[in-house]
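Across the two complexes that follow, chain A remains constant while its partner is chain B and subsequently chain C.
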Partner chain A sequence: MLRNQLTRRIGVPLAALAMSILGVVAVAPGSPAGASTSYQSAHAGGTLKLLATQGSGTLDPQVNYTLQYWQLYQATYDGLVSFQKVSDAASFQVVPDLAVAMPKVTNGGKTYTFVLRKGIKFSNGAPVTVNDVRSSLQRIFKVSNPNSGSWYNVIVGGPACVTTPATCTLNGGVVVNAATNTVTINLITPDAEFLDQLAVPFGSILPSTAPTKDAGSVPIPGTGAYKFKSYNSSTGIVMVRNPYFKVWSAAAQPQGYPNEIDMNFGATVESEVTAVQNGQGDWVYDPLPSDRLQALSTTYAKQLHVHSLTANWYLPMNVNIAPFNNLKARQALNYAIDKNAAIKLFGGKLLADPTCTILPPGFPGHVPYCAYNKGSGSTYNGPDLAKAKALVAASGTKGDAVAIVVINDSVNSAVGQYVQSVLNSIGYKATVKPLSSNIQFTYIQNTKNKVQISLSQWYQDYPAASDFVKVLLSCSEFHPASDNSINMSGFCNKSLDAKMNTAETLELTNPTAANALWGQIDQQMMSKYAPWVPLFNPKQLDFVSKRVGNYQFSRQFYMYVDQLWVK
Partner chain B sequence: MAALGVVLFVVTACLLAPVYAHDLAHVDAFTSNLNGTIRLNGRTVSVLQANTQGLGFGVTPIGPTWHFTNYFLGADNQGRDVFARLLYGGRATLLIGSTSAIICCLVATVLGLAAGYFGGVIDWVVSRVFDIVWAFPIYLLAISLSVILLTSGLNIGPLHIGAGSLLLPILIIAMVFVPYVGRPLRGIVLSLKEREFVQAAIGSGASDWHIITKEILPNVAPTIIVFLPLMVAFNMLTESALSFLSIGVQPPNASWGTIINDGLGLLYTRPWVAIAPGIGIVLTAGALNVLGDGVRDAFDPKARLRGSI
Partner chain C sequence: MVSFIIRRLISAVLVLFAISVMVFLIFFATPGVDPAARIAGRSASPAVVAAVRASFGLNRPLPIRYLLMMEHLFIKRDLTSYVNPNTPVIPQILRAAPVTLSLVLGAALIWLLIGVLGGVVAAANRGKFIDPLIMFVGIAAVSVPAYWLGEVVNYFTQSRFHSSVFSWVPSSGYVSITTSPVQWALHLVFPWLTLAALYAGIYARVLRAELVNALNEDYVRTARAKGLSERRILVRHALRCSLVALVSLFGLDFGALIGGAALLTEVVMGLPGIGQLTYNALQSLDLPVIMGCVMYAAFFVVFANAVVDVLYALLDPRVRVA
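Right, the complex of A and B next:
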């Protein structure tokens, strides 16, 4: 995804899947930890006030692909499985949620059988049934989920649903039995990441009465501890307690603390920071403005929380239109950009690390490597402007006009201006096109807009190499003339696609070899094709108000908003 | 005279922007300088300085050095010399303000003369166009035009103006103000047309061109001259507002509005980035207004309130 959208996983879940394929039934952890332990009712109550400059589009959990709302979905929606609601690394573990236990995996990894919990109700009072599960999985296709063609088309009947979403039945792919309360999902091929994909908000179980198109600003009932009371993309979101919620698994969906969670839009990030300093707000969603960081890190140090992320800020270049349909032009920009300079605009070297690879450090498959560097070495040393200028001259693209499309907040705009300056310095005529975050992400995906280069961010959906490499740069993710074409570079290489498929297959049996292959693909992608300029791996800096307690950070979904204490 | 002096001083200073940037400060006002350093009091100092206190987060541009040739007003978040950009920005703001005022007054004069003198269909068409333009709040109209044209540029037949060109804000601002000058001029022409000397010229068989250029225009000219400095001030303010909203002058070009916008993100640490262009706008617009009043008084000392917009 981006920060205004999310990403994926590996490690423990892959191991669990490998065991499952061998016929072992994984079960839920006996005693949940972290966020899930010992609910302290003395801290329950109050209104948590979250602040964001603007909304992030639709509220539909099967459509929205933004961190901003995915953080809220953790407390409002559940899937059959979900990521464990605990702090740090254990938060990557998938646990049963609406399912009684982890699924029984049979048929060589192609059949998953879930038993649905009984007695759970949606926030509108309707009970959760196996029919809701089936309709929710069908709905993923009907609403043209951004990843329906890359994640969920592995379900039997999925390819037909991708082709004709309106008539999607997943016949033979999802089989339910109301008598035994079971849901059987049949896959076309084994998929090491299928449970992760079910555990993200796209896999939310919604009432079968939910609209079969993007619900937009109309909240859909969920099963979480909270429900959306109202949503206006211009003014904000109000979440209140779900009156039908009872804890069935604290590891999957713990009870929340605030009685109400508000996310207000419309203020500038500067005034958001001031509001949190003054106790008028509790948390700032947006990247903190650089001119406030110094004061915050001295006077408000106790209210700051910093965490490393598996994420990338990068410049996707459109490989299908000039000038970046020319490899030398793409390589030139890779040589020219000073990633350390860009980091200064993000808040300094304590808040981000320069990167040359598609996979973030610490991620499965990541290998330290830097194809475009000053001098040699696997770690980034700095830009090489001479090489960049020579490549531009050799490419024959010198003098071309280039527009950089960025989000119009202060940090993104500043990085955009820096990139503009670099492009001008190596011979292009660059302009910056700032757009609201409500539309920038879809705008830069749609080939109709002829975007040459943009500034984008990718934050893991779950920790698996494919989430960066395959999701962002495979042929299956390039959909011309669509707002859902996450492969913004429009990069499609059949040979690399075949390697990605091999790596995915290897994940089932030999994760180590699979990761090594993902690392090779990453290096080959950058050295031979350079569809991006990777800029830096950011860290998450959360600024909370003085009254907020119980800050907990998930590697998967970041700060748990519903676990914060405001009293 | 004081107002004229201020205007001349500002104009001269801004015209000398390249001299200051290239020959005195030795800076490039339009290129990011995130890794730049300067020599200050014998020490090498980074233009963007990393925080060393507390948790150490944040990078802050260097503040005013008050050394005239060395980042006098400090740097912006791209590490660019604020004073150099202030001078370049003044050039853009004054250029847009004055050029758009001239275009506005020229177009308004032609339309006002034509509508007032010929009357009939021409008057009806021109007046309705004025009505339509006047019906929109002026900033809303300017913002709407800017958003559209700055995205795709202006392409009318063989005329192509790029999205980043200064011509776009000039034309947009000129056009939205035309009715504000054209309407009063039309009224004056209507009045002049009934005067004896014009009627005498018509009666003697003089051509329309002769009557307009020799009889009416000279009598309208003082009003136009009074309008001009006032429109420069108005248009400067409009340009600054549009640029502040990122829909006027486009980066890396500077105008006083864009510099205020740049300074918005630095208000807490480097307030001079926003304050300095603000002072420039207030000083210049104030001086132009006083100058406009002076010119009006010089032409028509008995009607001090007439002609104000």
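Right, the complex of A and C next:
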């Protein structure tokens, strides 16, 4: 998933911070799952003021691919299914939303039949009909949704829609019956992740009158507890209660608490933090500045919330050019990097955990495992420089020049300089190439730029192993000479690709076995090919104002803004 | 004279054209900047990128794309952003302009007042303690960068003393004068002072130097010989002549600031003006907005220069043939 700012955590290790955040961790997960408990109307009302340095592009839920707005869409749009709106791990569960129940899956996993709920209205008063469902699915292609060619083209008629979006019909792919209120979706091949893909905001059901191109700054009516009243990409967003909303399933779309939710843009992150301290704002979207963390964790500890994220910071190595086209060189760097040193630069061990695997902990398929470790053991113990140096010598790449491409902010640059020092210590001639955060992500993908190694981050789209392993390391995601080639390592291994396909097929019939296979692929990928140096799994740090209550965290979409109390 | 004005205007248009071409070329020459890849989104398939490329007309040759962008910007005036589709660029600039204008007008009043007062007092007290003191404060104000001063001002007004002395300071942002003139002024007081500090310092120093020169001129000696008071000589004779330099300086500074040179102050103080619009567009590599802002800023700078040149030509015939 794209984050507006890919660098979310910034910091300097501080003993005081560590101590007080320990206290916070004890507080935060204790908050009740409000969506599952009954609605407390005494807390309803008020205006919630969210702060962000800037907007994040189009407001169209079928186009926008940023966490900043996905977080807001939870309260404004619904799909046929959605991720359950409860705290922590259960938030990875997909539940029926606009559909009465989970779909009936027939035809060997290729046909999904949904029954649409009756009586639900859009925020413009129009009833939600099966025709809206069909047009919304067509619209995914008509607006050239980022993943229309990688997720939704599994629908019959999808590939044609990707090439000629304007004339997209999905004939045979989406069949609706107004009499029975059913929607039948036919897939080309069975797809175990199809429901996850329908549950993210791209799968939102919108009125059939919605424009068939990116609506940009013009809000599209939705079915959630709130609607977008106005959007100005340079000043802010205003969300108010949807007058037509009635709770049909609190697990899918609970009633919200504030009467109005504003997100204001334009202030620097420093002023945002100050505003929340002063009670002039309620929450800071942007990563908190490192120089404020200590004060926050001592004076405002009760207003800080820390949660693990299913995300990865890693160093993709280009397996097609020297020196990392040599397996031993890649393994050497895996042995040499001290992940804890990188974590220190990131903000300390309470803001991240070291990792040796591609899949983050808590994610389907994740198996604790560490191929390149000091001594043995499945948890990370530290670097082994002797082994690293021996591998570099054996690889014959000693003395090679290596440039590491990083984002030019303080944390990324610091980690880059650390990697540079490690590369130098094992015999390379390393340089750091810092680039603007706006350019680095696409720059490192393009083979024309001949990037040898870079520092990158990946945050999950939905909880499925393929979202890390297949998206980031399969042959199909490697596109030479394109700014869109998310497999930055350029790694393509036919036998592992075949295994990924097997695992995906297996997900349909035996998810447990499939996840075990994904775990094996992860281990093989690292032990036999080592296309990355996985560094650490970051955590989310939320700072809310004193008046805010009922903080709840979704592992899928992070803090539920609409569940916060300001009264 | 007419031919001079025409020549000057043609060269102004040529400068604007050259700037637009440079912005366009620099943008597309930057690696990793492909707008289609960015619009299509992370992990988009090549087919989707191709569809996006076609829908934004990014598959056409560079000169055509340039001409189309200029047509949308200047002739159809419906150029829209890459990052915020359906958001036309020109209304964004028109919305941001009053913010910048509010900031710069208020700051200009303050810096003119302080700058002129400081320069006059320093010149009048040459050799006394107060002269180097004012000049020292002036150089300090010139040396302090606006982004640093702004953050320090924010720290004191919003954080350190917010619960005591500065409890009346609203959180950073902008309220339009039509919504509430009082809130408009309250929101802008510290941004005005922050921006004015630098220019007040420059103007005080420039004016002092001009005044000191003027006070050595023959006409001042004549005035003294006539028995006029020192005060009258300073204000009515020396200051009037010295202000000429200040006025032309002011014309250029004002043009540049209205055009977006107050970027740092706007960003630090959270004011959604032209500077912040430019800054955000650069952050998100939104070429249409960058182009709109740059052309807007360039227009003010080039236009202000042209006006100054024409005025000079009117005053001094020697310039016309140059």
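We take it that the second predicted complex is superposed on the first by the 347 of 567 C-alpha atoms of A that agree within 3 Å, B and C clash if a C-alpha of one lies under 4 Å from a C-alpha of the other, contacts with A are read in each partner's own complex, and residues count from 1 in each chain.
One rule holds for everything that comes next: a contact is a pair of C-beta atoms (placed from the backbone, for glycine too) under 8 Å apart; a residue touches a chain by one contact, two chains touch by 3 or more.
This is a predicted model, so every value here is computed, not measured.
When the shared chain is aligned, no partner comes close enough to touch A:V561: not chain B, not chain C. Comparing chain C and chain B on the residues of chain A they touch gives the larger count to C. In the superposition on chain A, contact of A:S410 is made with chain B only, not with chain C. In the superposition on chain A, contact is made by A:E270 with both chain B and chain C. Of the two partner chains, neither chain B nor chain C is touched by A:V402. By the touch criterion defined above, A:P165 reaches chain C but does not reach chain B.
Once the two complexes are overlaid on the shared chain, A:M317 sits clear of chain B and of chain C alike.
Contacts of A:L304 after superposition on the shared chain: chain B is touched, whereas chain C is not. By the touch criterion defined above, A:I237 lies against neither chain B nor chain C after alignment on the C-alpha atoms of chain A. Once the two complexes are overlaid on chain A, the chain A residues touched by chain B in the first and by chain C in the second are 270. Residues 30-32, 34-35, 48, 50-51, 53-60, 77-78, 151, 162-164, 246, 250-252, 264-270 of chain B are the ones touching chain A in the complex. Against chain B, in their complex, chain A makes its touches with residues 270, 289-299, 301, 304, 306, 338, 340-342, 344-345, 347-351, 401, 403, 408, 410, 414, 417-418, 420-422, 424-425, 431-434, 541. Of all residues in chain C, only 30-34, 37-38, 40-49, 51-52, 55, 80-81, 83-87, 92, 95-96, 151, 154-155, 158-159, 162, 170-174, 267-268, 270-272, 276-277, 280, 283-285 touch chain A in the complex they form.
The touching residues of chain A, when paired with chain C in their complex, are 1-2, 54-55, 57-58, 60, 63, 65, 144-150, 153, 162-163, 165, 213-218, 233-235, 264-268, 270-271, 274-275, 277-278, 280-281, 435, 438-444, 446, 448-449, 471, 477, 479, 482-484, 486.
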